[in-house]
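Shared between the two complexes below is chain A, which has chain B as its partner in the first and chain C in the second.
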Partner chain A sequence: MGYDLHFNVIWRNWDKLWGGLLLSLELAVLSIGIGIVIGLTLAVAHVSGNRWVRGAIATYVEAIRNVPLILLVYLVFYGLPQAVDIRYGATTSFVATLSIYAGAYLVEVFRSGLEAIPQGQLDAGRAIGLTPWQRFAHVRLPAMTRITLPALSNTFISLFKDTSVASVIAVPELTWGAQWINLNTFRIVEAYLIATAMYLVTGYVLLFLLRRLERRFRIARHA
Partner chain B sequence: MTEPLLAIRDLSKSFGTVQVLKSIDLSVNRGEVVSVIGPSGSGKTTLLRCVNFLESYDGGSITIDGVEVGYDEGRKPRGERALARMRAETGMVFQSFNLFPHLTAAGNVMLGLIKVRGKSKAEAHEIALHWLDRVGLSHRADALPAELSGGQQQRVGIARAVAMEPKILLLDEITSALDPELVGEVLEVVRGLAAEGMTMLMVTHEIAFARDASSRIVFMDAGTVAAEGPPAEFLATADDHPRLSAFLARFRASHF
Partner chain C sequence: MLDAMLYALPFLMEGLWVTIEVSFLTVSISLAVGVVLGVALIYGPLPLRLLVRLFSDTIRGIPILVLIFFVYYGFPAIGIDLASFWAAVTALTLFKTAQVIEYVRGAVQSIPQGQTEAAMAIGLTFRERLTNVIFPQAMRRFLPPWINGVTDAVKGSALVSLLGVTDMMYSINQVIGRTYEALPLYILGAAIYFIINYSLSALSRRLERRFSFVQA
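Let's look at the complex of A and B:
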């Protein structure tokens, strides 16, 4: 008795999984990209802003961090178009949701990175006559990047896993591909085993590449 | 006319309700080396930081080459861009080096040359190598600050400041974070700059060095200039000044 594993059906539908994996990566890259813009902008606003700005940013961060991602996905995809006159596809909707979600986590990452820079280095930048923008670009940002890169890598890898939530609104990413195979061939174990393996391998490869990148950043560089 | 290069007149500065500088008058002529000594908390660092407006001041004036440092003609605080231009004219060397950790020794010297002085990368690199050579570090040009000893880092700090060709160099206890055996190499660089006519205002705890290298010594106490004069005279008459002689006595007791 028991369940015989038949992987043939998986290979026949391989494009669903492979295409799904590529879309998952694409979703993660887009979301971390937009999330970095949101996070960095708000972190700078937080560091240099007044009480009200800081309050507004803290509210956003807390709100997003305390709501499960899957609910945010439903709210943006089903709820928002009901409330306001706006239309978008499932993929766009998911990228927007995951970006806002990533942004909330990255504000904290960037904020602590910006605050970790010793005042003396900023003073040194002022003393040689750098303007505020130059100090930001050439003193704060590089120092912050070195401090935050590991946290940024970790965020990217967990975003990559979080893209599986997109399956609930039928975005054809990896988990959705596995579901499709399950529904159409009833090979549930094979489909999810292979999908799991694909998440694992991709996650390890990403981690390896990002750690190498971090090391690169620590190596000597001219102005 | 021999207007002093740096003229500080009736300068006052408070942090909150605490007044840390009280009607300071001090001038530094071109080519002069003026050393500032005094007990901890007497306002030496604050004074130096006011000169390049890393700290704002409340009353009085600071002029370099006749131009008020932090305020325009209507005594409105200068904008950040104008301040940046003013600051490029004064070099500063810090007690804790404050090198940019992501840049090499050469990169640290080059940053201001490229971004502030508008030099090309190649020009800036050449100037950086020249100054690193002057402080005895041309062989370490590609090292990151973390790979350098304290004395080497501080010499890069000096090269970074002087490469900008400032009108005046401000030095704040630049050897007090160093192990004793590294102090000499840094003071040697400063001595060389003094010999070449670099104008300097330096806070120091190295009384012997102040005596040998400076044109004048200033004793600050509780936010005021309590005594000043050429080194020999200054030290000879120290006994007439109870606070100064107490400071020197305490100083000698703890340092020798």
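Let's look at the complex of A and C:
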């Protein structure tokens, strides 16, 4: 008992936490960006592909979703370089891992989004003479974006929290920043109190902004 | 590659046991506490409802990894000094409880208001209404996401290795520390996690199909 809180060491090392938070956000944005590309491509392939394509995509989705993220992070960073001759840093390695991870979750999101578009809209597109590509770009994609937006923002926030796992391979994000302060000053309670508060505040600010965005793009249910 | 896997298997099985222990404790404690708090969130007086809402929203806003470190390193400062195993279980349970609360809320609120009114009309007490009318129906909505959430607990338990708890993740890293064969071991570990979690999510999907006749 009798632990006195001293926050001045935290403010002295504030750049570790603030820089860490910015990197966490950057990792989350990059990963969801690449994840969206993976997810969308595979969702379209799933909807229009044959049995083998569907099987391959399902294997990818299930393989990623049923394994802990931390194991995937280790696997890509420590395991993969033993088999293939590529060099990459911890940050690149983590972005790759989190993107592949995000992709597996987003395939399902986009797939159900694509399937939720009423057939009548696609028929209408065909009736006015749109090519398949035009039907995709002007009918399917906009409608799907609106349907999937809430799921996308939830995924983004959960990816933001998942970036904390990057600390295990020493990517200098927010959790690593807290660990650094602990290692160098032993003010562990303060470090994690502040880091936790930063995750919470950032998460809820993001949630607030994304919900506003969703409202703006929501499909009007009432005429 | 196969040699490395065969060598590691006994160590991994010991770790797997700890992984199962952590997951089992997390899942069962959070189920008990979560259902009680979930009911409190729906039927409790306003201050209690706000308290549960605050708890759930706060916990769900924190990364699990940070929560684990916080409980292990931060709680001793307020006089709660837990061994690494129990700190890990506590942190994971807190997180899972918040999830269970939301599952319960979703499931119970999916039951039409008319059911409660009918139960009141025939003179059932609050407890009878819950156990005989609401819960049996809400169960169908609760079970599939909850079982699916068990896979989250198993996956989340891999993080306890960072506190030095010798779960499967930790055992894998220990063996790699001796043999320097990272790739085969991580693949083997991934396969074991996959088998456990895939069976659970397959069960969840089956239940969901079975209960899909319930339309709210």
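Everything that follows uses one rule, which is that the second predicted complex is superposed on the first by the 217 of 223 C-alpha atoms of A that agree within 3 Å, B and C clash if a C-alpha of one lies under 4 Å from a C-alpha of the other, contacts with A are read in each partner's own complex, and residues count from 1 in each chain.
We take it that contacts are C-beta pairs under 8 Å (C-beta built on N, C-alpha and C of every residue); 3 or more make two chains touch, one makes a residue touch a chain.
Here the structure is a predicted model, which means the values were calculated and not measured.
Trainee: Kindly classify A:83 by the partners it touches after superposition: chain B alone (first), chain C alone (second), both, or neither?
Mentor: Touch status of A:83: second partner only.
Trainee: A:138 contacts which: chain B (first), chain C (second), both, neither?
Mentor: Only chain B is touched by A:138; chain C is not.
Trainee: Once chain A of both complexes is superposed, is A:7 in touch with chain B (first), chain C (second), both, or neither?
Mentor: neither
Trainee: Identify which of chain B and chain C touches the larger number of residues of chain A.
Mentor: C
Trainee: Should A:75 be classified as contacting the first partner (chain B), the second (chain C), both, or neither?
Mentor: second
Trainee: Just chain B (first), just chain C (second), both, or neither: which does A:18 touch?
Mentor: A:18: touches no partner chain.
Trainee: Applying the document's definition of touch, where does A:200 land relative to chain B and chain C: first, second, both, or neither?
Mentor: second
Trainee: Considering the complex alone, what residue numbers of chain B touch chain A?
Mentor: Of all residues in chain B, those touching chain A are 52, 54, 80-81, 84-92, 94, 96, 98-104, 106-108, 110-112, 114-116, 121, 124-125, 142-144, 160-161, 164.
Trainee: Quick one: in the complex, what on chain A touches chain B?
Mentor: Contacts found on chain A: 118, 120-121, 123-132, 134, 138-139, 142-143, 146, 220-223.
Trainee: Considering the complex alone, what residue numbers of chain A touch chain C?
Mentor: Touch list, chain A to chain C: 1, 3, 62-63, 65-72, 74-75, 78-80, 82-83, 161-165, 167-168, 175, 178-179, 182, 188-189, 192-193, 195-196, 199-200, 203-204.
Trainee: Chain A touches which residues of chain C in the complex?
Mentor: Counting only chain C, the residues touching chain A are 58, 61-67, 69-70, 73-74, 76-79, 151, 154-159, 161-162, 169, 172-173, 176, 181-183, 185-187, 189-190, 193-194, 196-198, 201.
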